[in-house]
Amino acid sequence: RRKGAAASRKWLVVPSVGEERRVEFGKHQIMKMTGLPGRDLRVLDPVLAYPSTILGRDRAIVVRLQGVKAIITATEVLVPDHDGVALAPFLSDLRSRLSSPPGNVQSLALGAKTPPFEFTVLELCLEHACKDLESQTESLEKEAYPALDKLGSKVSTLNLDHVRNLKSRMVDLSGRVQKVRDELEHLLDDDMDMSEMYLTRKLSFQGFSGSLSRADSNKYASVDHDDDREEEDHDDETESSVYVKPDIEELEMLLEAYFVQIDGTLNKLYHIREYADDTEDYINIMLDEKQNQLLQMGVMLTTATVVVTAGIVVVSLFGMNIHIELMKEPEDAKEAMMSNIYFWETTLGTVFGCVAIYLLAIFAGKKSKILQ
Amino acid sequence: RRKGAAASRKWLVVPSVGEERRVEFGKHQIMKMTGLPGRDLRVLDPVLAYPSTILGRDRAIVVRLQGVKAIITATEVLVPDHDGVALAPFLSDLRSRLSSPPGNVQSLALGAKTPPFEFTVLELCLEHACKDLESQTESLEKEAYPALDKLGSKVSTLNLDHVRNLKSRMVDLSGRVQKVRDELEHLLDDDMDMSEMYLTRKLSFQGFSGSLSRADSNKYASVDHDDDREEEDHDDETESSVYVKPDIEELEMLLEAYFVQIDGTLNKLYHIREYADDTEDYINIMLDEKQNQLLQMGVMLTTATVVVTAGIVVVSLFGMNIHIELMKEPEDAKEAMMSNIYFWETTLGTVFGCVAIYLLAIFAGKKSKILQ
Amino acid sequence: RRKGAAASRKWLVVPSVGEERRVEFGKHQIMKMTGLPGRDLRVLDPVLAYPSTILGRDRAIVVRLQGVKAIITATEVLVPDHDGVALAPFLSDLRSRLSSPPGNVQSLALGAKTPPFEFTVLELCLEHACKDLESQTESLEKEAYPALDKLGSKVSTLNLDHVRNLKSRMVDLSGRVQKVRDELEHLLDDDMDMSEMYLTRKLSFQGFSGSLSRADSNKYASVDHDDDREEEDHDDETESSVYVKPDIEELEMLLEAYFVQIDGTLNKLYHIREYADDTEDYINIMLDEKQNQLLQMGVMLTTATVVVTAGIVVVSLFGMNIHIELMKEPEDAKEAMMSNIYFWETTLGTVFGCVAIYLLAIFAGKKSKILQ
Amino acid sequence: RRKGAAASRKWLVVPSVGEERRVEFGKHQIMKMTGLPGRDLRVLDPVLAYPSTILGRDRAIVVRLQGVKAIITATEVLVPDHDGVALAPFLSDLRSRLSSPPGNVQSLALGAKTPPFEFTVLELCLEHACKDLESQTESLEKEAYPALDKLGSKVSTLNLDHVRNLKSRMVDLSGRVQKVRDELEHLLDDDMDMSEMYLTRKLSFQGFSGSLSRADSNKYASVDHDDDREEEDHDDETESSVYVKPDIEELEMLLEAYFVQIDGTLNKLYHIREYADDTEDYINIMLDEKQNQLLQMGVMLTTATVVVTAGIVVVSLFGMNIHIELMKEPEDAKEAMMSNIYFWETTLGTVFGCVAIYLLAIFAGKKSKILQ
Amino acid sequence: RRKGAAASRKWLVVPSVGEERRVEFGKHQIMKMTGLPGRDLRVLDPVLAYPSTILGRDRAIVVRLQGVKAIITATEVLVPDHDGVALAPFLSDLRSRLSSPPGNVQSLALGAKTPPFEFTVLELCLEHACKDLESQTESLEKEAYPALDKLGSKVSTLNLDHVRNLKSRMVDLSGRVQKVRDELEHLLDDDMDMSEMYLTRKLSFQGFSGSLSRADSNKYASVDHDDDREEEDHDDETESSVYVKPDIEELEMLLEAYFVQIDGTLNKLYHIREYADDTEDYINIMLDEKQNQLLQMGVMLTTATVVVTAGIVVVSLFGMNIHIELMKEPEDAKEAMMSNIYFWETTLGTVFGCVAIYLLAIFAGKKSKILQ
């Protein structure tokens, strides 16, 4: 609104109850609304190529999972850059999920316990990211295996370029899947971080005690409550224990389910990679083997060259102008016939000699295991 | 049953006591029966290619180990898609194990302590999965080693394709074995998750206190009970400590045993892989060495070509029509004889010259270490 | 100042409030001022090539991040070797950040909580190091991808040397980025180390109790305070809990944000590496394939040599001086014509024979899959 | 004994005090004697190829380290398949160690504290396994380095096969050493597991309290005892703390020492592997370099062929029957002499021409860096 | 001293205060003096090639870091095999460090807190080991980079052997540096192990309480003291907390500083390795590229051979003795001139034909991208 607040972006604000709004907020307004420091907002920056991240902060969860960017608070979701076509299915899902009555089917089955608003949205983000990565992986799978098989049967620049492009895509996709997986694993490993993400509960705690000083106490509940109990009223102790802990359970189950899914996706990518590596090894051995066959062929042909060349020597000897008996001009029919016979003797002798020497050479080569 | 409940599947329900039933359940019925959220049921989906998973939930354990899929509750097992022939041995084992009296031999040896129903079934699932993977590994071993040795002695497209298929199978199998191993390791590392899987105990706790609020307290027993003791009656404290903990022990021992087994299987696969890699290195060096032998052969033959060609030059010189003394037509018998001698001198000179030059060249080559 | 204090260096002392000074300190003066042991000062040694390090000590934080070296205490920053041009932007940023009023925009948005002096400086160091590494990575990216593509299309010594230099730079840069990342991860994993870095808070605690014996108690606050509470006044307990913990949170958030950024940088480098490896694999296959094409060409040419050489044999046969009918000098026009015809018959027979044999040989080669 | 108890094996029972016995036990008898579940006995199965394992159970330690298999209880060792010659040194050591008076030299030095029976045996097992692996590693070392050096100097099928066998052995041995190392590391990481292995102590605790309910309490001593103290007599508290903990120390020290040893063995194997990899790289570069030398030789020879063949053309030109001045039959002595001179001019011109062209070609090749 | 005590070695005993002694101790005397079990002494065995190890035991620290071997107790250092020239600088440093007054410069800067004797010695050992490894790494660096560059520019057996030796040294050195680094990391990760190494403190505790039963309590101070406090006098509680903990801090800082240094050394080695790997890749591509150039050369030369050989055929055709018009002996000057012209026509036709065909072939080769 103010001129001074540079880089104000359009945000779609979807509250848990009520109408969604499209507002343009400056960076500082967002910081005030969500209690996030400026550096956390950078995660959502459309220019910077941040990897997938889930940050649980004091009053908000910052989510960047693949294309889905959002700031989730206890009461509303802020989605930046909501005009892109890539976000359309996410937004329509978000709307339909939020508009459905709290007692929807799944919740009923779970004993009518409605998950808090922030987890409904977080699950949706995870679902979309996982589905997106899964579908990309599947389309890569569909393309990669035939391309690799094709390369295996015929090495050509075209096939190589295709495979190279696919590998590049695979590396990129693996990186992104791995990143989401690591993020989930990291959250699952740290109970504190998960507890931090119960925004609704933290809010209600604050409302209860009516004092800001209790704002963070809940977060350490799992450590503190033993001592808390002794100080506070002992009666609410079991209740608190029951209330606080199942929810970590709830988030853990949610994250675990998507962790399993993304792990399966990563597994598929790993298989493509292994297949590609094996194909490369295979091609290398094939090319080497081919090369040796060609060299063998070359050796056999060069042997032939030597032998035939030797034949030329023999024949050329008789072409020398040193006159010997054999070259005397026949003087009568008998001599002519004899001369004819000599000619054929020489010719056939040379030819058969060459062939014999060649066969002998090849036989020797095979015997010495150089030729196969 | 209802029209609206799409995707209802056939389930085989095997209770711990009583007759097994074949029922068709919708997804929501299963969710209500087992208290599982919808996303956990996806793990059992026959279409999705989920990896091996063991999920300990509030009232059920979801198992997907290789072909074996099941939902285990404290009182019954639900097996989907039970018609497949692959599951037949598992089901027959399951029936016989459950029908045997609780005081079977193994339990007796352990001091007559019967393992709870859920662990009996879980062990059966693990046993089947491990046996399946082990037998696949063994059949792979039986095929892989000879195939690699064959490839090592003769590189051919056929052998290469065979090995490539085997490697592909090996990667796939390794992935699945690794997944089961990781799953077991993960469970063994997390006492909470293991404690979570004592369904029967949790159920009996609930029955005791008769209040839902205690439903989860047992799960944190290992942390809480020190403080619990102070609040509760101090007399039951040692008893509780004895009751709660040995059972984590029991599950730990069960999982550990199968972990050792699956680790051994993984080890075998690792050995095949190492052997395959070594064979490939070996083949590469062999092919390179072969190539050099062929090139040496080529060099020797080309040397021969050069020398023999030089012989042609010599011989052809005498075939030139530039008339020199030597080429004079012999005019008497003595000249004819001389001419004859000249002929043989030239011929033998050329031949022996060529042979001498060739031997010299080869000797020089060997001296300079280019030829061996 | 003193002659005896060897190796005194120039330091720029920037206090949180007041004028900056340029002083020359000996090693022992620094040790006295900051309470650092001598070995920690070695980290800042301009001669030694220490990797990036952040050490939280009793009264100071020692920072060496890329080019930025500093000792941060609760009240001032000591920057050694401040004359270098590389540090100029860092120093100007430092001055402007410190001169801005405490209630700057970001702090206001966070609810007017000013971060302590040491974290303002630490963040600045991190920001500069991350920005520096990021920009180096980007310039490497801009150079590496085209260079690799160029190498892929033409292998030459020049291109190879270029790529080799780039890889060397990449390895070096990766090492440095990895090191910063590891340092941040290590800090994030250890709550104690982070707590240790709250210099201002530790100082104020000391001031409060006025006794040196409490100097370290705060550092173990997160563990001790439960018991502390029982001993001390119970009233300040919740307050202390609120005061102490959000700050670990504050540092954690600060480090986490830069961890995400540096992780993204590392990811980019990893992609370059993967791309380089793929390019190398590609080049290897291409060169092998090229080699086989050349060998094929060689085989075809050698085949031609053999065939043509055989043609020479045939032709030379007729050049032999063994006189046969065919070579009789034509005595009349008819014989001359016949002789002419014989000549062409021989010539064309030889030529076509050679061509036919050659085509046959090539056809046989293609049939046997040795030639393509 | 009973017909029904299939697969009874012979066991050597060596008690801590008294005579050793050779008894044939069925599986169930062993299970009853040692309190082990059936699945733990499978670890000792002679047919199954289980890797090295140390399992600390309730009343027994199951050891399978290399060839040494044993079940150790607090009072006796059960060794299966004791007839093999491989176990002979282990058994004789076992006997001598057990027969030596408790106050042997080492114990005395340690302040006369005798290690419990189970650790004496466990140490013996570890000692034998480590010594066995160490000696195998050393014999491999002695064979591998010369074999690799030999392969480096001459690549032959024989040498390659030898190295391949050695590598196969090395992989196998590494796997086994790694397994023992992992097993020890795993135990050292888990205080619970180590505490579990104090069979004698656990037995004496049971004896003390005379109640089965205390059977496991000792195992959790390190966690529980703080609270135990408050309930029990406060006086024995420090004593208990002193009693319980040094023993974990004792086992830790024992395992640590063998861990260091086995780690050193693994290190040696790792060095062999590195050396083998380097040798392979070296051989590959050598073979490639050799190949290029051969190809260079080939290029030079083919150049010679071309040049010499061109010489043939020249010479053959003069062999054509197209009569030119030069070929006129000399009619007098002067012409004969001229003809002679022509002959030598042609001959030498051709020869020197060829040589000149060849040298020029080689010079051009060296200039263009294709030849070296 | 006694005949029975085999393998007595010479030890240099350097006490913290007083004169050093050279004594010959048997193994059992050392065990009695230091309370070490026999297996820990094996670590110092000069024959066995143990890797670097730091073992914190009850009354002594066993150090084997590179060449430096020592047993450190609270009051003296025992150095075996002190005659070697390698240990001379270590020993002289040790003497000068110990002889300097306790209030030396560094300690003064730290607020006059003198580090306990065992840490002074331990730091000296670490310093020497790190300096030794660092200097070895630097000398390797100085040799390796030029050797690799030399190999990159010319592949020869000599250069290859040099690089191979350097790589072997690098692997060995890396292993040793890694081992020291792992040892330090391991210690830093385990507070217990570090606490164990406060020999002086443990000794003074024992002296205080005057009872052996407290010997180990200090080691668990960091866990126990919360509860201890409640039982013991509450007044000494804060004092104890202040006393015990800064010292873990002290050792942690000491180890951390050397960890950073050794990590930097490892980093340098890693860079050499990466550079070597890149050089090898580079050489492989270079050799392959060279090979293709040679093969191209070969193809061009073989093409030339074919063409020139074809030229021979043409020329030889005219050498056939089949008499055609062209070969008629010229009967007058005009015919002789014509014959001369025919000769040159044939000659030049053949030559230019060959050249034309050759150029055409090369052009076709370049067009089809087989030749470059």
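Order of writing sets the labels: A, B, C, D and E. Residues in every chain begin at 1.
Keep this in mind: a contact is a pair of C-beta atoms (placed from the backbone, for glycine too) under 8 Å apart; a residue touches a chain by one contact, two chains touch by 3 or more.
All figures in this text were calculated on a predicted structure; none of them were measured in a lab.
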| note | Sorted by label, the chains bordering both chain B and chain D are none
| Least hop count linking chain C to chain E through chains in contact | 1
| request: Please find the path from chain C to chain D through touching chains that uses the fewest steps, and give that number. | output: 2
| field | Proportion of interface numbers common to chain A and chain B (over half same, under half different) | value | different
| What rotation angle, rounded to the nearest 5 degrees, superposes the C-alpha atoms of chain B onto those of its identical copy chain E? | 145
| With chain centres defined as C-alpha means, what is the inter-centre distance between chain A and chain C in Å? | 21
| task | State, to the nearest whole Å, the distance from the C-alpha centre of chain A to the C-alpha centre of chain E. | result | 34
| message | Quick check: what residues of chain C touch more than one other chain, meaning two or more? | response | 284, 288, 291, 295, 298, 302, 305, 309, 312, 316, 319-321, 323
| Hey, how would you classify the chain contact layout here, line, ring, star, complete or other? | ring
| request: Start at chain C, step over to chain E, and keep going round the ring; give me the chains in the order you meet them. | output: C, E, D, B, A
| said: Could you list, by residue number, the parts of chain E that touch chain C in their complex? | reply: 105-106, 109-111, 226, 229, 234, 237-239, 241-242, 245-246, 249, 253-254, 256-258, 260-261, 263-264, 267-268, 270-271, 274-275, 278-279, 281-282, 284-286, 288-289, 291-292, 295-296, 298-299, 302-303, 305-306, 309-310, 312-313, 316-317, 319-325, 365, 370
| task | Using the touch definition up top, name the residues of chain C that touch chain E in the complex. | result | 28, 31-32, 35, 37-40, 42-43, 48-51, 53, 55, 57-58, 155-157, 160, 164, 167-168, 171-172, 175, 179, 213-217, 220, 224, 227, 231, 280, 283-284, 287-288, 290-291, 293-295, 297-298, 301-302, 304-305, 308-309, 311-312, 315-316, 318-321, 323, 326-330, 336, 339-340, 342-343, 346-347, 350-351, 354
